[in-house]
Amino acid sequence: MKSDKLTFGILGGDKRNYYLAKALKNDGYEVKLCGFEKLSNMSCEVASALDSDVLVLPIIPFDKGKEVKSPYAEKTVDLSGYEDKLKGKKVFTGKREKFLSEFSGMEKETLSYSDREEFSVKNAVPTAEGAIEKAINSSDFTINGSKSLVCGYGRIGKVLSEMLRGMGSEVTVSARKSSDLAWIKLNSFQGVKTGYFSELEKYDLIFNTVPAMIFDEEKLKRIKSGALIIDLASYPGGVDFEKAKELGVKTIHALSLPGKVAPKSAGEIIESTILSILKEDDG
Amino acid sequence: MKSDKLTFGILGGDKRNYYLAKALKNDGYEVKLCGFEKLSNMSCEVASALDSDVLVLPIIPFDKGKEVKSPYAEKTVDLSGYEDKLKGKKVFTGKREKFLSEFSGMEKETLSYSDREEFSVKNAVPTAEGAIEKAINSSDFTINGSKSLVCGYGRIGKVLSEMLRGMGSEVTVSARKSSDLAWIKLNSFQGVKTGYFSELEKYDLIFNTVPAMIFDEEKLKRIKSGALIIDLASYPGGVDFEKAKELGVKTIHALSLPGKVAPKSAGEIIESTILSILKEDDG
Amino acid sequence: MKSDKLTFGILGGDKRNYYLAKALKNDGYEVKLCGFEKLSNMSCEVASALDSDVLVLPIIPFDKGKEVKSPYAEKTVDLSGYEDKLKGKKVFTGKREKFLSEFSGMEKETLSYSDREEFSVKNAVPTAEGAIEKAINSSDFTINGSKSLVCGYGRIGKVLSEMLRGMGSEVTVSARKSSDLAWIKLNSFQGVKTGYFSELEKYDLIFNTVPAMIFDEEKLKRIKSGALIIDLASYPGGVDFEKAKELGVKTIHALSLPGKVAPKSAGEIIESTILSILKEDDG
Amino acid sequence: MKSDKLTFGILGGDKRNYYLAKALKNDGYEVKLCGFEKLSNMSCEVASALDSDVLVLPIIPFDKGKEVKSPYAEKTVDLSGYEDKLKGKKVFTGKREKFLSEFSGMEKETLSYSDREEFSVKNAVPTAEGAIEKAINSSDFTINGSKSLVCGYGRIGKVLSEMLRGMGSEVTVSARKSSDLAWIKLNSFQGVKTGYFSELEKYDLIFNTVPAMIFDEEKLKRIKSGALIIDLASYPGGVDFEKAKELGVKTIHALSLPGKVAPKSAGEIIESTILSILKEDDG
């Protein structure tokens, strides 16, 4: 089947899936949107959407049983009773495993777009912008002229450290591997080994991207008064939030930023990732 | 009188003046703060604050008569009856003229810190950061990957265009003078003559810094659907806001950003400007 | 006279004038080139070139008497005897005063393109690139990772400091005015007052753009061993070169870089400046 | 053995090894240098140097037999007859395999510092700077304002594209993988798939880092007149140099830049890599 003839059924999800539908339409695909009555009059019935060649569910697809998460729906989007319609379809979600455990036994192909390197790289952008926005919003000083620390030099760390510098912060980046530290230095950041923060007291802004307990009591005690920690690592994060509260250290655990900060961009990232996967599949 | 022995009385104002007081204290000056009962227990009586060598009022000093604007006061900060205490003092406000019209006839020296080049340059930073924050917050797409237009290459235009690029936007800057356009080009921005926007339909984000009607009906009609205009020019701004509403063009008139976005930095900018003026005066 | 019908006579000069002629031709003008026999077979007789509406001489026009500097000529380009042909013509050179002192008494209009802000701004680019090239070429270390000092924040200082940062140097910039120092800081450079270099021993690369004796014996003695000073200020420069030699401090006095480093760009800068002047004149 | 007590013998090599010796000395190690009579009076006998704990030979160690490449030696540095002294020593060179094929049968440990990610990353810097220098030197236009193409987004491509942008070029980067293309785009470069250059005629500067025939006749024919190709890929490179000559396309095959452009930095990179290896070995 040629990918440019494919029809898409988008079932549930937040604004990202709404913008995904719009992006696909703009690119000339036939799209059926289901579970968005509150947002759009494009929204149609479950059965109709399931007739499409490619189905897209939310990143984390189900609330309970086979009910699709659909915050903008007026009617429940429930897949119960429609299992047959899924056979032979390409079904995309963000988390392959959850979907499979629910629908085990069916013959079909599920694909996780969030496993793709391309998706993760692009998604680092709205995450980093959300972090920048939090830093402007939740501090009483400017990023320009501040000293900031970015823990971790993975995708988000890379994007975020460049943006912070672009705003005029003096940025230190931490990493574990010596080759990462070499990159950090030649990209003109100050580098420090993650965990071995000799100058923790100098930073006005601290961003954590490492999914491990980095900022424990000992470290929190050394944070500069008035500084702000923004933790971007997924739950439970890398900060002892309770201790931080006790010690009066200001923290924000910022999760799921892409959908909040830039749902249109986030939807377009899902679109381009899905189209890439279908293209390869096709070729 | 040596400037490092000076005592300061801060009377009224918003958080900027509060942080100004803190910054002066940190630098070893004796400071009396008046009109901040809601924010700090440092706050003292009008008479006591007026005994200081240097007095600082809010940027726009008075509400009505001789009542000082003081949103964080529990008691009115009224200078009536204290005119004598002002004699021979150095009195700082943001707007020289207003103060003088109120207190005409007194012998004293008023100084406007906002007339200083140094102040305006530094103040461009929190303004630009506030604009960046609005752009992240009020759009559903990311700055990274967007196309943006900055109208005007004065202080704010210069800072803002660098920050937008630092975030990953493709930035066009407009100016009128050919030497400004030469700078724009060699700083690797696309340049266009202000008003002569041949590609207005391509920008996702438009920032105006020019205090003149730039975005009239004709131009508003050419704006890309979904684009956002952020007007940073002081009242009445450079956008026909009514027409924009009619045409469904999203606009934000963002005023007084430094005090809102970064009161601590804004207070420190006032401090360093005042100290520079006093130092020169001293020398 | 409409500027797009103008004919140009280019008489003498170095490769910049050669590329000026090519650029004008590419833009559709009729051009006569004189004094470039060694470089091009386009070259024609003096009398013929002087028939044009607009005449362009070298930046510093004369060698002796009325002989035009023309390093690429096989025959002398001598204006003697042709004075009448100059009457009523627009004559461009880089230095207004020298030309006038030679040809005093004639009725005509001479115009110095190098007086134009636009010219100086654009010309800062090849100068800064030439400085970067010297820094790579004449040192045994990389710019990336080095600490550099740029003295002066005029046009060249501004362009050069951005380029050095772009290469990965940690840049300090010096200036005298507090508003310049404010710009330096908010552009994320370290700032220092010109002459008051407290950390002179830390810089690997020092660039001077200030036309005054900055690096005297006292300062030269504090320069780091192995560091390189590149002086971009016009003769006699800002370095005590003799003392530097005595003390073993490596120095380069880099002059007239645009013509050497990027004659094509330099010629195009002359073209756009001349066309701007003619356009305004026209309007 | 504690790594900070180690003694080093540097045998032969170019200026990089000379600066390696100086760097080790500065860091407090005992160093014996052999084969540098023309450059330094520190130079000692082969036998004496071989008494050290750690031996460093040139990147490509031998000229013929067991004679070490030593362009700055007055006496041949020949290891014949000293094989016993190598036993149990740590011997570093740039290419593990060559050394081993020569000395097969000996009991010892050879280590190649150039296999280390850290070494390759850091070495990309002097390579990129050398390329920038060539671009300034060998073209008649400025990098600022030029359009450039960087083929390949490996280490050198990453460093070089940032530097070119830092100089003010409008940079397009090519890669093959979609995740690399995602990075290229979010780093605000224009991205293109390597080989699929739809706008080849627009670039003033083309840099190749890909070790494969990229610029064949078909592509060379589309290059803009006056453009410059700088090939950084190791022999035989990625350009059909003969065809280029025929077609009048200006090319430079720039090899071994680190040692030429910045021998001191290159030596320090070798030092830090060797010390890292020894430290890990130690732990």
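Which chain is which? They are A, B, C and D, in the order written, and residues in each are numbered from 1.
Just so we're on the same page, contacts are C-beta pairs under 8 Å (C-beta built on N, C-alpha and C of every residue); 3 or more make two chains touch, one makes a residue touch a chain.
Owing to the predicted nature of the structure, the values given are computational and were not obtained by experimental measurement.
Following the contact convention of this document, B, D is the list of chains adjacent to both chain A and chain C.
Chain centre most remote from that of chain D: B (centre = mean of CA atoms). Centroids built from CA atoms put chain C at 38 Å from chain B. Rounded to whole angstrom, the centroid-to-centroid distance between chain A and chain B, based on C-alpha atoms, equals 35 Å.
For the pair chain B and chain D, the distance between C-alpha centroids works out to 51 Å.
Shown for chain C are the residues in touch with two or more other chains, namely 125, 144-145, 159, 162, 165, 168, 186-187.
Chain contact summary for the complex, chain B toward chain A: residues 15, 19, 125-126, 128-130, 132-133, 136-137, 139-145, 159, 162-163, 165-168, 226, 261-265. Across the complex, chain A is touched by residues 116-118, 121-122, 124-125, 159, 162, 178-179, 182-183, 186-187, 276 of chain D. Contact residues on chain A toward chain C in their complex (touch as defined above): 144-145, 165, 168, 170, 185-188.
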